[in-house]
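In the two complexes that follow, chain A is the common piece, with chain B as its partner first and chain C second.
Moving on, here comes the complex of A and B:
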């Protein structure tokens, strides 16, 4: 690794960059400097809007020139040549040749109408003078290096025939195909399941080490950085606030922001304890109003023990094939004989990867999807035959606060929509109720006339929680409520949920793929795999001493700070 | 006007919008108050003043082969043509939106039927069908309006179906359903406001299309009854005198072009405004 350290692959010096809007100038980068030596894996960590992706884009000058302003004192040197001053022809040789890129979304990064073969050829033949036969052999070798079991088949496949993990392997193979000196990986595993993420990350590290390629890994996930990177840069609001060897930065953070970021992670904190949030002053736009109970949380009495919701052998099937008369001939089974009991006042989590059926189960519980088999009772009554008032006691908070709020409605209307069904119509009454609910979830009640787009992601999720609370529910389904949010915002939402539970004795069914969040918030955990619950029990027992093989695989795959440090 | 602050007016897109809506206002004004602005009786000719060129003997836009004032005839025709296109457009909007919403909200046979009707209708060349229908049911204002109204709606159905389908998938519609909001209420409060911007854009573009269709049918002699001053009829009458009195053709022809361009500009303008609003809302 030290062989070429005198000649860094990347040397960014004092890079500032501003986006020029119609009448606004947004400063995205404020004088950052960054070095990457040959063969080094460097992490660039920050929350959304910190400027980490902009940094990566400027490495290849991918940002539109007319709409950005870079002062002349800035320089971005790749292999000792300034990218900012290169001609377009020179730049093309660098792009894809000396520097290649891996994107977050493997679905959109590959062209859906071209086979893997054509897309790999496209890159290789542009940058290397070899025959098609040699290129073919090279591709197969690259795919085999990515531990793809049947490289020939993958080579001839269309992207839609491959799983997300496979596509990302193909992307990485393509990135390595021209023996680049540097690979920029922008959130390469964010869209993938944890077990797949673990495989992809170790492959990336293995290939980079084997070929002595430098990697700039851009991510919001500190645990991923801890597992993979030699050095790390922490970005905040367009500045690099801390840098150094990964273990030093994470083990002994100096800057207040890095510390706050680490403290906001639920990992390694006492279950159900309040998470420290990144100081309100540091987060733009996030309201500083504190939620109702400022006192430390009392652990909820683990329930009156009375079962609130009982699921007996629930099965959900979707029609998948039809005959010529439109009759269904085949089904996909999403939920396969699931049984689970949720007691009043407790938090039960369902953990599982995408496609395991956890969202189908949630949709069934709120009546969006009919049950194909089995029985669900709520307070002893059949769920399907509940009267509307009782049915309203089950509410849901969705994952994506973007799509869960009508963009054309002011906040007060969004929050009180369920109330209008319950028969409350007067505008003044509804607005007053909206104001109270806002205060409850830590939003300024003066903001009830604003539209959703005027709020940050965390605030929008608070609005969604307020809407769910408006009809005084007993059971709240939380479908990945924090997975679209930054770590510091996630901590705030988790705190809010814990506060609300302590105050109102709510029962939560928490659905997530994030094991450390689940460990933090749950009393009991059910692990779901291919439509079935494979393991269930108290949170600590299931997650620390898993008995089922799948749970063990899952737990091993979860990137964690602890693992890195205990291994050291 | 508060939305139009100075900085927005400064850029070209906004300038286009201002031009479009100014032209629209002029056309609308002429259509509504045209009667008062007529300098002559549009039906009464002065045989001593046949083929008077533009601006002479008090004929602002000249006179035709029977000595009738073209300006007055154009105003009368504007009312007829605009009225026809507007009424037909409203019928289109209503049918198309209803069938689009049905197709989006009710999978199964209602969707199949709604889509089949649309596909069938759209698989015939619209003008040919219109000609056949008008020939059968006779011509006049209402036959023409009803023909256009009941034949030209598929574009509305398609757009409403596509957009409404995507809105039905959104979590806020799910949240409303979970809260117990009825399907009709969801339709009027969440879905229709969501497709409103697109509907306005199509309404403007489609208006231009209907105006041309009306003129075309009248030109062929099967739209407005003979003698009734509509733009298509005026244009049709000018054919024989194209060389002798070219203004007889250029005036209605030019008017059709200007009006159609205006409606297209208005459509563009609304689309631009919706995009800009959408960017800030959906971003």
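Moving on, here comes the complex of A and C:
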């Protein structure tokens, strides 16, 4: 498949890099070596902080010089020239010319005040001596290659007028515009929905193969690598711990870290089984206290069958247009007549892509967003008329523990805030309660005086869970609780949730876009699409034998290790 | 292998051509706001001024006899109940008739507009001058804020921010007019460019430090954005990064502050106007309040309200011009 070329496009040798702080030195890369041949698609996998993005940035020397230190023994050769020794002018020629980059966040990677046209011209006219007319033709062709149905309109649009997937297509079109020898794609699809991700990845692969462009794909997602890459490098703490052909590395991992990473994935594991987190403790410095029960979890019996929460034709609308007198004249419907029953003790998941209304539904259940139509009952009573004590039995854990915890509050105050809403308590009681709750979620109770920023992402999500548990809820709404976390940390949180459910008989409404997580944790699954539930049933049935067209599209788009290996 | 690739994810669905009414809606909403504002300003001032003194007494002078007062009350309708007076007054205001100045007998509104011309002259000059100072300096400072030279300049600007405008004005008069006889120290002459320099520079010295700091902070923030990294990865030169990518994104804050400063000059330029014997609306306001010249005060409040409102509307408009995202969001 590759044109065998002796001369590699990239040859990184013994690259080390340290970030210099005021009085600290953080070593981000510790002597990595990496080669990419012409036309080759190479994956670079690792968790956050492993140094994979730093490697990408170093390829074009994009990191601030004054704040980093690279030893003289390091070299980063792009087409046999050392990037580390280039002058600024030479460097500007390579950047966007011979090597181009695609970044993670299509929402912020394009300049919001410039049209797509201006941004594409910016690159093309800098690196190629062609007329504006030719540049224009080139852009339209490139956008058409990206399977954009109306390239003229996209060409003249501002970034905010395009969806995330469209913007990433524009980024890819820009990346290919000057016929680069190498494209560095840093988590190009992490911010996108799975169905869009599948389109973007295959476009990238298609264009790269057609133009014989080498690609360095940086990702945390092993399934994406398995689907796309010829070879893969695995990074851990600034070092490359394993490399080789993708099938070998993933099918027969040698290094303990690669194995741990694969074991932490819920995919292919028995539903509700404990996920292995061998590496986790050593990786994140995650709390060493082990979660509550030491014994392996017994799968919870599929519910006592008593309905706990019943949703009948729930509708949520947001006002979108107003007339002269300030009256609402139009609405956006986020949730459109959804009906769903959640039984005591079971885990029901709502799967869907961004904008499908799943978060609006969750917010309605805790009273953050009013219901515009339909009825919700909790234990037979109307949700809107619940007494406060009963209402407190429904608690929520949000997606991003970074922003859902007050940064100026110590952990004990955060955790016990729901208790103070319920009634006045002494400080000593609250602190004692916080300590107990910490133990419950596997955090050291000695840490209750610390502030949120002193914790890792996984620990913060444990704090959020502890806060939800403080008022002894029966129903826990989990809104994408693991999507901001690394795979190994995700495994820990999933284990914790399963442990807590087994111990306290909690009922979960789990909201996620991650199909393999949902498959792992759920008894029943509801698939949501454009504000409606299109399919519902037992997890295995819905996800393995989908009947609705949308569910099938979704399942086809999910990158999966199994799919790749069974295709081989 | 991989999933279907032919499906395209849609760009934001654009609705069909918006109706005329929908296009004019932002303007209508603005006008509605302005109408409310003017109603409240006029009403409030009407009653407040009645609390401040008896207009008949002002008209007749302090040594007028009770008969003279009664005659004046009758003549100006001041003997009618307050609410009748109020409605009659509002009826006249609707026709832009604020009555005649008690001091000079000219129509009050004319008098205000005449003074307004001079204040606007000065304010526009000062705004243009400060903006043309602040944007380049702010951009330069924000580009690499941590370097030594920029830190020093930043510190100097910080000091200037604490100096009131009239201090600069007095120093400039002393140096340029009194000591060196380069420029006239006072007077208003619309065609005499020399009279403009010291007032404009003094006001700019007062306004610019704040503007520079806001611009620099916004540029520095824009320089940390992802799209700057994208542009760098595409080979953009430092100059392009700054002027093409960072500055256009940073100007929103500058425009907002410039609007606030402009609005403040409208009502609060009395000190500078007094120092330079540059009679404008600030000076007129002082004068007419001191002499209880009700019609002029009321006309002036009305005009300032419209002005401040217009300036704010212009700032909003400039936001739409500067940021395409605000253009498509409607009001």
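Convention: the second predicted complex is superposed on the first by the 559 of 568 C-alpha atoms of A that agree within 3 Å, B and C clash if a C-alpha of one lies under 4 Å from a C-alpha of the other, contacts with A are read in each partner's own complex, and residues count from 1 in each chain.
Here, a residue touches a chain if its C-beta (ideal position, glycine included) is under 8 Å from a C-beta of that chain, and two chains touch if they have at least 3 such contacts.
Not measured: the values here are computed from a predicted model.
Of the two partner chains placed by superposition, A:11 touches none, neither chain B nor chain C.
In the overlay built on the shared chain, the residue A:553 is in contact with chain C alone; chain B does not reach it.
Of the two partner chains placed by superposition, only chain C is touched by A:122; chain B is not. Within the superposed three-chain model, A:158 lies in touch with chain C and out of touch with chain B [touch as defined at top].
With both structures placed on the common chain, the touch criterion links A:220 to neither chain B nor chain C. With both structures placed on the common chain, the touch criterion links A:148 to chain C but leaves chain B unconnected. For chain A, the partner with contacts to more residues, out of chain B and chain C, is C.
Using the contact criterion defined above for the overlaid structures, shared-chain residue A:405 touches chain B, although it does not reach chain C. On chain A, the surface touched by chain B in one complex and the surface touched by chain C in the other have no residue in common. Chain A makes touch with chain C in their complex at residues 60, 62, 91-97, 100-101, 103, 105, 108-114, 122-123, 126-127, 147-150, 153-154, 157-158, 160-163, 165-166, 171, 174, 195-196, 198-199, 201-203, 205-206, 227, 321-322, 324, 553, 556-557, 567.
Chain B makes touch with chain A in their complex at residues 7, 11, 170-172, 174-181, 190, 193-194, 280-283. Listing the residues of chain A that touch chain B in their complex gives 22-23, 366-368, 388, 391-392, 394-396, 398, 400, 403-408, 414, 417-418, 420-422, 451-453, 464, 467, 471.
Within the complex formed with chain A, the chain C residues making contact are 1-12, 25, 28-29, 32, 225-227, 229-237, 240, 244-245, 248-249, 322-325, 328, 330-331.
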